[in-house]
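A single structure is presented below for examination.
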Amino acid sequence: MVNVGILGATGMVGQRFIELLAQHPKFEITALTASQRSAGKKYEDATTWYLDSNMPESVKDIKVVDTDPSQVDDVDIVFSALPTENAAIVEPKFAEKHIVASNASAMRMEDDVPLVIPEVNPEYLDLIELQQKNRGWDGFIVTNPNCSTIALTITLKPIYDQFDIKRVYVSTMQAVSGAGYNGVPSMAIVDNLVPFIGGEEEKMETETQHLLGSLEDGVVTPASFGVSASCHRVSVVDGHTEAVFIETEDKCDMDEIHAAMDQFRGMPQKLDLYSAPEKPIVIRPEDNRPQPRMDRNQDGGMAVTVGRLREDAAFENSFRYVLVGHNTIRGAAGASILNAELINEIM
Amino acid sequence: MVNVGILGATGMVGQRFIELLAQHPKFEITALTASQRSAGKKYEDATTWYLDSNMPESVKDIKVVDTDPSQVDDVDIVFSALPTENAAIVEPKFAEKHIVASNASAMRMEDDVPLVIPEVNPEYLDLIELQQKNRGWDGFIVTNPNCSTIALTITLKPIYDQFDIKRVYVSTMQAVSGAGYNGVPSMAIVDNLVPFIGGEEEKMETETQHLLGSLEDGVVTPASFGVSASCHRVSVVDGHTEAVFIETEDKCDMDEIHAAMDQFRGMPQKLDLYSAPEKPIVIRPEDNRPQPRMDRNQDGGMAVTVGRLREDAAFENSFRYVLVGHNTIRGAAGASILNAELINEIM
Amino acid sequence: MVNVGILGATGMVGQRFIELLAQHPKFEITALTASQRSAGKKYEDATTWYLDSNMPESVKDIKVVDTDPSQVDDVDIVFSALPTENAAIVEPKFAEKHIVASNASAMRMEDDVPLVIPEVNPEYLDLIELQQKNRGWDGFIVTNPNCSTIALTITLKPIYDQFDIKRVYVSTMQAVSGAGYNGVPSMAIVDNLVPFIGGEEEKMETETQHLLGSLEDGVVTPASFGVSASCHRVSVVDGHTEAVFIETEDKCDMDEIHAAMDQFRGMPQKLDLYSAPEKPIVIRPEDNRPQPRMDRNQDGGMAVTVGRLREDAAFENSFRYVLVGHNTIRGAAGASILNAELINEIM
Amino acid sequence: MVNVGILGATGMVGQRFIELLAQHPKFEITALTASQRSAGKKYEDATTWYLDSNMPESVKDIKVVDTDPSQVDDVDIVFSALPTENAAIVEPKFAEKHIVASNASAMRMEDDVPLVIPEVNPEYLDLIELQQKNRGWDGFIVTNPNCSTIALTITLKPIYDQFDIKRVYVSTMQAVSGAGYNGVPSMAIVDNLVPFIGGEEEKMETETQHLLGSLEDGVVTPASFGVSASCHRVSVVDGHTEAVFIETEDKCDMDEIHAAMDQFRGMPQKLDLYSAPEKPIVIRPEDNRPQPRMDRNQDGGMAVTVGRLREDAAFENSFRYVLVGHNTIRGAAGASILNAELINEIM
């Protein structure tokens, strides 16, 4: 078993890490960190549990420590569910000795930090060597993208590979859990929606290009197609829905698109990683799917469900679809864990 | 006072007609029709009232009659809130003698039936003469577009006129009232959304082109730009929200776009029609607006609120915004009433 | 394995039966019935699946038959998820040869039909002999109570046994799934609640007294304490919440009440039945629990969660609590299955 | 015109004060206070407006001042929408010179401070003289009860007067606006409810008894009947719903109860105060009313709507009903304004 720690273990994404790791066959939770206010308490006493599942028995008695490398021994991998500002300061300290698999955005766009979705660009892990050399670290940081970006990019990958992409327009309907437990007041969401999520559109646009770019001589060149995002918060607990409009460079017909998505498999599937969904993309044929409450938990929340895959006759080489991905599983904790499983397998 | 009747007066849109007409300074409700099941009853007894306002006293005792021209005397204008299939059969019968201002989709795309938004294409009313000649009617039918289309097209009009439009992508988040009182089960919408509304995308695409087309020699030539729509139902009672992405033919900067929308006025404003909003488009500067619960009732639900007006750097001559329009007021009953006010004023 | 059939298998409760029975170690689904419209189709084709879990593979190809005993062979137990009116006609026909474990209300209050919660009044199963004699059936019907009644009565049982009950007031906040998929329009529940559920209050009042009564010489004498219910529908998918106010005949202190509920075990626990929760009542100490989304799935949805257990200083021998029970599992399909497991074990 | 100020004008209840007072025929807003962070700014710039109506033009340019009597000149009445802790410190300072009509709970249970609902116990205003003498103030403080208590007590008053009350059980389903804009996270309320509101049950129990007590020789003796409350937060924006169970001392039949409630009028009705509803209690005959979204705005949100008025056969002299009252209008800002109107009229 690999000993793992969770940084920022009491928040919503921290809790998802715990839920997903509690039964993990290769990773064992041995350290949980939080802010100083919680340090010294048992996890059970330090935490208001927000998930629908009960808190796993195995973590209840773990003593929470301050988020500081000196407090965390005997741990190989730390998962980071820290807020961005904290992550920027703390993750580099942990990376001196530890593998840091981070869900935070702080280090994502650093030149020598791999931003990775295992099905999409596992080769970016090659940056690790450069990172360690540059920074003189024994450990390293690997990051996963923003929740909305992950689901989108997984569906773009097989299309990009086969038909090249010219334009992407995406309009999201995002779950409230993405903002953290206290992030969206109920006054803002009952009989309402909020057409703005700070920084989200920029992340979707730049991270998507970055993930579908190419790595050569230690430098990532982003993909050159345009991405335009409009992000909205709706009255859904978990599961981001995205309406996607695509124009490809190459001619494509709907059968080919369907096949490309349906047959898409990545490294996690080839290596049969524990958290890997059987298929990264599950296509539903029904008119009225995907729906977040019905589809977010597909393959334990690790598959992205696509539906309404249809031609866009208004424009050449164009088509549309709707996707649902679980924002705190595939889009956050599960993404970091899959990154760690891949690293654990191949390095 | 002009005597008016409402066809399909007991349903949700029928009730909006009543609410909006109860205090109208020029129109007086003198006839209410419904299915045979309700005919003969007092309106109060025939109707389960769904609106948040109370049923107006003035209609409670009106005797509901069957939806048949022979049952409706002494009425100049009838407003139609009929289901499509009924409308197709009944509206032509009424048009033999009456002015029919219809919210139904049945006759919208007929060659000689004006599909009109008074701020957008009042000149299509010229088709009336042709319609009467073609069909030998003393009355005529005028229609308004689908709820989502109206809000969208009002915002497109000033842009189209000034910069010409090349592409429109629109992703909607539509209120449940759009489907009628029983249209969307709560099981489908609590902690969920439904990414499909039958026929809606087609209507948005064809009606928008039709409305922004040109009428020459009695023939409408639709506008030639492409429109691609993805339509979704979310947990909101009233008020459709739409994320709009536009590429123009001509160069445009954001100040010009802002000014074009803000300064846009149409015939209803020039004629100071009773139901006309002061400005058809109200632009909100806040990051997080428009929101359906906050903005749907702008100008009594007759203005469309636009927010998040911003450049789209990913593509040339491109920008984005989010709009909210009240789907059963500006998008249905209020639209028909504004059509009737225009006709009453100019014909 | 015992072969079982499900009557009314395509509706919401029918689907819960399938979900719960698909992995059952003793029962195997071999027959599925529905209305004539569905008969002859594969279950997969006959059904719009409403549950968040995917339809179990094992039932997809089962051919749906008409709900008629002549269509159902080789089945020992049939579970009934039929609407009341159907159940009244069809269940007796099935009972001629089959064991019918019914969730319908049609036969619940018949003198010789056991209305049973296995933890509360398993002894009522003695009525079966009488029922078979009375009606000349080889099979028989056993029923479970209404969803709200089950959760309430499970919590009343240990209190009634130990302190005798004088008064019960209960105010419910019920999930929309209780009305079936199309039962509650979203227009009725977004930013709203509905303070009425037809027949529900009467069922809660009479069934509770019946369940806590006594069976002597083949006659059930209902408990004599008063029950007053007020039932309301709120914006929750699954899980009924009930605020309960109790006055006991005997003196009671809060520690005793707490212990009585916490230590309560019934036949299913003693016999270790497959669907039995470890404890029928789970008491949460937190101020703000139970909550339906958090607690409805406790023990696979078969335990009732109690919280806010507190004295009621306003009245003598009085206390209050709030409970949550899963209405379509513990309150419907799971209740019938637990009845069948008990019968299968002891008869 | 009477010049009025609003203490805590930028919060949710402060905004309701502004909305209700903007068009008031006798009160004119001339001062708005908030925390130091906002002081010095124009109201428009200091405030995120939360209400569905637009911010009234008349207050946009008013300069917000610190909540300190030295900053507020030329004002006769101040309305307090302060948080409890602030109110305890600041209201007495204002009362040295001003009339303070407070919605805060801080001073409600002080012996010499009238806690008043104008329809219920206007005679408690006699305490003002004592208060001024006790405290040496030129001004004074008058308070209104908690939001849930107001709606409940208005409905109890005619019953108490005519039949005497023995027991009241009340279970609430309260709107999220009652907790302030940020009070209830959407994670807590989507597909969920929260069965706890800190301090609410205690307030409902003690304030109700206090309001229906009697004032003699400057001392309030609370009513002696018991009140037991269970308070819950549900997914509703505005409008508290309460299920009420009552046992009276005297014999009562349902017609008498109905008549007592329906015919109930208080001082505001007799004096025809501007904010007074025509009838304090509006009884709806429909099975499924009152509903918060439909009934909260009855009489501008100042009437309490009662429905499901029905016998409680389980107990002697008992009956039940459900009520809806607007929590931030009748239950907060409107309550303070009605108190001020009464004082302005009679003192």
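All chains are identified by letter, namely A, B, C and D, in their written order; residue positions are counted from 1 within each chain.
Everything that follows uses one rule, which is that a residue touches a chain if its C-beta (ideal position, glycine included) is under 8 Å from a C-beta of that chain, and two chains touch if they have at least 3 such contacts.
Source: prediction; values computed, not measured.
Visitor: Treat each pair of touching chains as one step and give the shortest count from subunit A to subunit C.
Guide: When the steps are counted carefully, the minimum from subunit A to subunit C is 1.
Visitor: Looking at CA centres, what chain is most distant from subunit D?
Guide: Most distant chain from subunit D: A.
Visitor: Could you grab the centroid distance between subunit B and subunit D? Build each centroid from C-alpha atoms only and quote it in angstrom.
Guide: A distance of 40 Å separates the two centres.
Visitor: Let me have the rounded angstrom distance from the C-alpha centre of subunit B over to the C-alpha centre of subunit C, please.
Guide: Centres of subunit B and subunit C (C-alpha means) sit 47 Å apart.
Visitor: Which residues of subunit D are in contact with two or more other chains?
Guide: In subunit D, the residues touching two or more other chains are 188, 190-191, 235-237, 293-294.
Visitor: Applying the document's contact rule, which stretches of subunit C touch subunit B when the two form their complex?
Guide: Residues in contact with subunit B: 12, 50, 176-177, 181-191, 235-237.
Visitor: So in the complex, the part of subunit A that touches subunit C is made up of which residues?
Guide: Residue list for subunit A touching subunit C: 52-54, 190-191, 237, 293-294, 297-298.
Visitor: Which residues of subunit A touch subunit B once you look at their complex with the stated criterion?
Guide: Residues of subunit A touching subunit B: 167, 169, 171, 173, 188, 190-196, 198, 205, 226-228, 230, 232, 234-237, 241, 243, 245, 287-294, 307-308, 312, 314-315, 318, 320, 322.
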